[in-house]
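Quick heads-up: structures coming right below.
Both complexes shown next keep chain A, but they swap its partner, so chain B is in the first and chain C is in the second.
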Partner chain A sequence: MKKVSNANRFAYAFLAFIIVWCTLTFSPRIKPDQYLEEFIGGVVISLIAAALSYKHLSQRGLYNLSPKRIGWFFAYIPVFIWAMIKANFDVAYRVLSPKKPIKPGIVRIRTNLKNPAGKLALANSITLTPGTMTMQIIDDKYYIHWIYVQSEDEKEAGDIIKGEFEKYLKEVFE
Partner chain B sequence: MTAVVYIILEIIGYIFISIGTFFLLLASIGLIRMPDVYNRMQTATKATTLGALSVLVGIGLIDLWWLPKSLILAIFIVLTAPIGASALARASYKHGVKLWKGSVVDKYKDEKEED
Partner chain C sequence: MKKALAIVLAILIFIVFALAFVKIPFGEKMSTYPHYYNPITNQTSNMSLPQHYLTYGKNDTGATNMVTAIVVDYRGFDTLGEVTVLFLASTGVGSLMYVENKVKKKVRRSNAVVETGSKLLFGFIILFGAYIFIHGHLTPGGGFPGGAVIASAFLLLYLAYPKFHAKHEKLSVSESIAGLTFVIVGLIGLIIAGYFLYNFLPFGLPTYLFSAGVIPLIYVAIGVKVGSELTAIVDSMMGVRE
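And now, the complex of A and B:
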């Protein structure tokens, strides 16, 4: 991975903070001249926050916003939301069924994602999808609590648990 | 015409809020019914995340000016809720909370022994 300049990473952090600030503070009921004050305050605070945190926020700075990555990210959203809805019906079934159809266990799977942000995104996706919850990531090993263990084999379990996610996240983060 | 659109959006919003509350209720039932910490965490994380998301989107649809704000809040919930769940699950494992007796496999134990 090539080195990205600090200014670039700083600009990325600043952009992220100012966008969050504006969506949280803007309201149509505020007059434009009043909003200017809020905006200036936001710029000052974003600059401070970005200066404190840009080293941790991203390694690639504005290159995160390349059209290819954004395209794959938007393609990923429906996949993720659909998985989440399935997960909730799965939870509903296991909670409400009188027989308690559970067979829990902790399995280990491996990933070939390298980027830390990508690994985090995969862990979050796994937690929010049917029956699985990430417990720990050590290098490329994920320890996953599975509410109904279908396979104890690393590879097979990995294919079931990760499903489509890894393909998308690889495009977004690598 | 616009009034009709607003009314329809409001109805859809209330439907979203009802679905969200249903999943939140489900999460609390899951907390009582599941046998151990880890399974409880599973139901609690998933159902509360989608429940909260659904309520937020519902609010955004009822009053459209709130939509950007509620979407930002939704993003933060999706980012943080699973991390919290993993941290809690790992902490309880390290603290020695046993898995339920019906559990079939525990690969994490090997990892701890290797350390």
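And now, the complex of A and C:
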């Protein structure tokens, strides 16, 4: 990964903070001059918060906002929601079925994501879909608690658990 | 014998308190009281105290949040004392936790999820804390909860990175500047109008961010002060780690 200047990373942090601030302070009945005052206050606060945390926030600065990444991110949202709906029905079936078709266990899978933020997004996506939960990440190894262990093989289990996630996250974060 | 004495004493105290409270008409109209003189409107009224604050508070202080108006304006001096108490607590914890021969604790590395997540969230938590204490005069919230939110951002870093240490010099600098701001604002009021913590800035329009005179200034100072004090407390409780 090529080195990104500090000013670039600072600008990215500032932009992220001012957008969050504007959403926090907005309300449908706010008057324009009132919103302007909130915006001025927000600029000052965002500058301070960015100065404190821009080194933590991103490695890549404004390059995070390339149209390609954003496009892939928005493409990822329906994929994720669909995976979540499917997993919800699956877990509901396992809970309600009188035969109790569960076989819980912890499996180890591998990822080829390198970026820490990408790894975090994958871990949280896995945790948010019912039935699977990320317990620990060590380097490229994920330890996942699974409600019904379909395979103990690293590769095979990884393909089932990660599904489409990894392909999209790789485009967004790498 | 001792038990009987204790029971008698408890009953006696209860009777004394009950007699004292019987005379105070909680929640009743103030009309049973002698007429109350209002120095601002220069007239006597028979309004109850809460009614008085709700009626005149907005004009007196410019703040739409009545609790803030009372805490920072009417009872501003008391709040200065509260902040001092917190400072003393922080100092006390620091001196109790200080160990002469610094014993270094072995620590485990935390989870990668916590590490990355805390890095990403740190700035946003700081922003949200600032949002709470800057809007103290408009919305529920203010310096104390805002400062606690900011300290929680640092607590997250402590949890994620066992070796993390907030710089004590920086914490004391920000804390001292905040405390000084509070006192200096109070002293300027004393010079201008003859009252400590007099609200000398223009009130502006209610519900606007830049309104209520010195109240936002004081709440920013309190927020920074509480944030750095609580962070210092967390830091000294974590001890020296290896």
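Here is the rule we go by: the second predicted complex is superposed on the first by the 173 of 174 C-alpha atoms of A that agree within 3 Å, B and C clash if a C-alpha of one lies under 4 Å from a C-alpha of the other, contacts with A are read in each partner's own complex, and residues count from 1 in each chain.
As a working rule, contacts are C-beta pairs under 8 Å (C-beta built on N, C-alpha and C of every residue); 3 or more make two chains touch, one makes a residue touch a chain.
In this text the structure is predicted, and so the values were computed from the model without any measurement.
Engineer: Check whether A:N64 is in contact with chain B, with chain C, with both or with neither, and answer first, second, both or neither.
Structural biologist: Neither partner.
Engineer: If we overlay the two complexes on their shared chain A, which of chain B and chain C does A:Q136 touch? Say first, second, both or neither.
Structural biologist: A:Q136 sits against chain B and chain C alike.
Engineer: Scan A:T111 for contacts with chain B and chain C and give back first, second, both or neither.
Structural biologist: So A:T111 meets neither chain B nor chain C here.
Engineer: Check whether A:A87 is in contact with chain B, with chain C, with both or with neither, and answer first, second, both or neither.
Structural biologist: A:A87 sits against chain B, while chain C stays out of touch.
Engineer: Once the structures are superposed on A, label A:G41 by its partner contacts, choosing first (chain B), second (chain C), both or neither.
Structural biologist: Touch status of A:G41: second partner only.
Engineer: May I ask you to name which of chain B and chain C touches more residues of chain A?
Structural biologist: B
Engineer: Does the superposition put A:H56 against chain B (first), chain C (second), both, or neither?
Structural biologist: Second partner only.
Engineer: Does chain B (first) or chain C (second) touch A:E152, or do both, or does neither?
Structural biologist: So A:E152 only meets chain B here.
Engineer: Classify the contacts of A:A123 with the two partner chains as first (chain B alone), second (chain C alone), both, or neither.
Structural biologist: A:A123 contacts both chain B and chain C.
Engineer: Mind working out whether A:K100 is in touch with chain B, chain C, both or neither, as first, second, both or neither?
Structural biologist: In the superposed model, A:K100 contacts chain B only, not chain C.
Engineer: After overlaying the two complexes on chain A, where does the chain B footprint on chain A coincide with the chain C footprint?
Structural biologist: Dual-contact residues (chain A): 20, 24, 120, 123-124, 134, 136, 138.
Engineer: Could you pull out which chain C residues touch chain A in their complex?
Structural biologist: 111-113, 115-117, 119-120, 122-124, 126-128, 130-131, 134, 207-210
Engineer: Would you pull the chain A residues touching chain B in the complex into a rising list?
Structural biologist: It comes out as residues 20, 23-24, 26-28, 84-85, 87-88, 90-92, 94-96, 100, 102-108, 120, 123-124, 127-128, 131-136, 138, 141, 143, 145, 147, 149, 152.
Engineer: Looking at the complex, which residues from chain A come into contact with chain C?
Structural biologist: Spelled out, the residues of chain A in touch with chain C are 13, 16-17, 20-21, 24-25, 33-34, 37-38, 40-41, 45-46, 48-50, 52-54, 56-57, 116-117, 119-120, 123-124, 134, 136-138.
Engineer: Name, in rising order, each residue of chain B that touches chain A in their complex.
Structural biologist: Listed in rising order, the residues of chain B that touch chain A are 23, 26-27, 29-30, 33-36, 38-39, 41-43, 45-47, 49-50, 65, 68-69, 71-72, 78-79, 81-83, 85-86, 89-90, 93, 99-100, 102-109, 111.
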